[in-house]
């Protein structure tokens, strides 16, 4: 029973959902401020969700019904699981099992796959284009991300569980990954990949709202659209936490001071993402792939080599 | 890719139904077919059922951005036919409202062009400043656009004394912003790299296609109806016509930017020179005959031809908006450009249907793929992104050499 | 400095009896009536190429038994620009006239529009297809023709026909 | 269901259809986005796909060749959907009412909830119109 509470309420669905929606609110507010606009009120994302839940779900007859409706639910389930495991390793270190890093890596790719499946199932040419681009984007950022994570595992002495990685970084012997040359390089690589995973502006070809009209989620409406937007919001909250745990000495809520510090780290990563989002134009999907396979992968390999011989 | 049939999805760029088909080899455009007429409303037939005084209301609703130019050209035609003389004060009021509208139209295009290249903040800021011009227009004529201010023989609404200081204060508020905008555009390396040499329209092509307004002045043709066919207050004021030579998208933007300053000058001088007096002398009856009225709209010369048989209604009224000639020049200025610039060039001369709602590129081997207007906007934004990166790299290289 | 006076003199010298010149509404607008519509290419070419006029637009006016085709050419001289309009009368049953789009490329679209609205065929036009092409209008419906326009009500009937289809 | 209605009032997503308008109503809709009016404060968002929309802003008296497309858009929109006719062209066909290829205002074909008068209607009127439409729910 206790696990159900963990999955559904505390670090799981409810907590991440609310936090995710708050983060999207911060994002919309900051972008509006840059435009000298006032931006939406605090509860706006919540009202959007509730409204979408009430709207009618229209299914185009060209769509494969079951796939079209189930795909978003897969994405939501995956992100809930991922965020629960992530937070469990931070709040109750003894609960985390060895190898949960590998589980998280898989779980975090399922939302993208669910978007691809949903987009192509909807039968609309626009969404087909959106789904194809999402696939290309996934291929692009997966390689450098895995190299960066492997470098972290190598640095912490081949440990595969979050709590051990966090413990290693906090212990005087290890020292946080970020405070070393290779650490900084790996952090930048991971940040770019996170930006790609969230499909934000420099790499938002799949769902570019002024491009192919909302991309893959064009045909979704009502509750199905609410699920997609919620998954995106929860991703927006979970990925910075994922980054902080791997690269920035993990989250520990032992004392008040360290708890506040780790929250600030997460906020810092979010602000970084918003900054990248607002300061550069969009890249076409071909350029995005070339960008990821070219400079970013080379950077990741350099980071790996540097961290191998102890820099 | 399958055929995409968007039917008016909203897009921050003003979308009006216009359809371009680029024939593409690899990335460069070889040929373009254009199809217009989606919002053809048969206005010329309607104006034959309206009296001389009702036609300005119809003619001003041809297009939302130049809603003072069409009635103004029409009234000049009627006044030529009736041989009426417009009172002095009415001439200045007409010049003020006309130039304010030119400012409002150029700023609107600036914002949209900024969005098209990828600078969303420019879009928001320029439209924020444009509100000042709309306030001025609303105070002097009562409406933000569709001013219903000009009528054959004079003007409908007078500019009272208390309005003048407020107008001058607004203009002083706007002037520094325009200068800042000009500085930003003139020496922003990314814009130079992005817009220079793109979609060039040489002088000979411009003459052959008879393009008008800023599009012609950007290609070195020194024509401006306000100076060549002088009417009303323009010969009494001193201002100059901005002419550039390069004919590319950059000089089309630069011509518009510098024209804004000229319009400000005209409005300021007219406000000073205006003396109290009557603002209209009614035209009793329009004799039989035909006449032509020309006016320099923000996008070029508008042409109105009227023919009357002495009755109180025109029997034929021909209207030609400037974009009618400018859009045709796409045929030449687009060829040779690469696809991501295609949308930018068609939007560069600010066509009155300023949109590329649907654009399909036809590749000989592949089945043709349809790019929505928005996709075009994305392509052009990416190019900006790429160019700004290259420039940053160059700058960093230069700094490294300097620092050594 | 080209002025109105000597342009008219040049025209009369070159075309003499084939044209008759009338003054328009004011000093700056002159109308040149062509006796025979075949001369339209020659006079437009002379005005556009030799005298350096700018082609403004063409207008179609539907008369009882002929269609008037007007070519408006403008001279932009700072301070005293003027407009010369060449009028050609095209008899009704089968209105057709030579195209000028090979002399002035800018005239391509307006000739297609006049063809679509007045049914005037321009011989030699590269692709004479309707310009506005609203797809619900039957091919033989020319809204600007006098027979259709005279009785305003008839437009509504014809229009109703279009709507039911 | 009142919570859903309250939510609908708080975040109305709007989709714009240009049925042969003179592009001035489109400019005023764009003006609502700009810093001075900024409709995002009320949660109003302009969406690119009709599937996400709660309200249809139809501007312009409908012309013959755009009518079938506007009807198709209406069918695709998820119900409950509001139809708001913009400007005097939207209400009565305006000054182009008896042009030969205009087929009458939008309410001959779609159930219209709110008419926003004005040529062009001011941005404030547009916002008030959308808010009034929500009140009708």
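In order of appearance the chains are A, B, C and D, and numbering begins at 1 in each one.
We take it that contacts are C-beta pairs under 8 Å (C-beta built on N, C-alpha and C of every residue); 3 or more make two chains touch, one makes a residue touch a chain.
These figures come from a predicted structure and were not determined experimentally.
Counting C-beta pairs in contact across A-B and across B-D gives the higher total for B-D.
Centrality by C-alpha centroid: the chain sitting nearest the overall protein C-alpha mean is B. Centres computed as Cα averages put chain A at a distance of 65 Å from chain C.
For this pair, chain C with chain D, the centres built from the Cα atoms lie 41 Å apart. One simple way to say how far apart two chains are is to compare their mean CA positions; for chain A and chain B this gives 45 Å. For the pair chain B and chain D, the distance between C-alpha centroids works out to 26 Å. In chain A, 35-37, 210, 213 are the positions where the chain touches two or more neighbouring chains simultaneously. Within chain C, contacts with two or more other chains are made by residues 134, 143, 155. Chain D has residues 35, 47-49, 63, 65, 98, 100-101 in contact with two or more other chains. Listed in rising order, the residues of chain A touching chain B in the complex are 34-37, 125-126, 128-129, 202, 205, 208, 210-213, 280-284, 287. Residue ranges of chain B in contact with chain C, taken from their complex: 35-37, 40, 42, 44-45, 48-49, 77, 80-81, 83, 207-211, 223, 225, 227-230, 235, 289-292, 294, 301, 303, 305, 307, 316, 318, 320, 324-325, 328.
Those residues of chain D that touch chain B in the shared complex are 15-18, 20-31, 33-36, 46-50, 60-61, 63, 65-66, 69-70, 72-73, 94-96, 98-102, 119-120, 122. Those residues of chain B that touch chain A in the complex are listed here as 1-4, 6, 9, 11-12, 117-121, 124-125, 128, 372, 374-375, 377-379, 381-382, 384-386, 388.
Chain D contributes residues 1, 3-8, 10-11, 35, 38, 40-41, 43, 47-49, 51-52, 54, 76, 78-80 to its touches with chain A in the complex.
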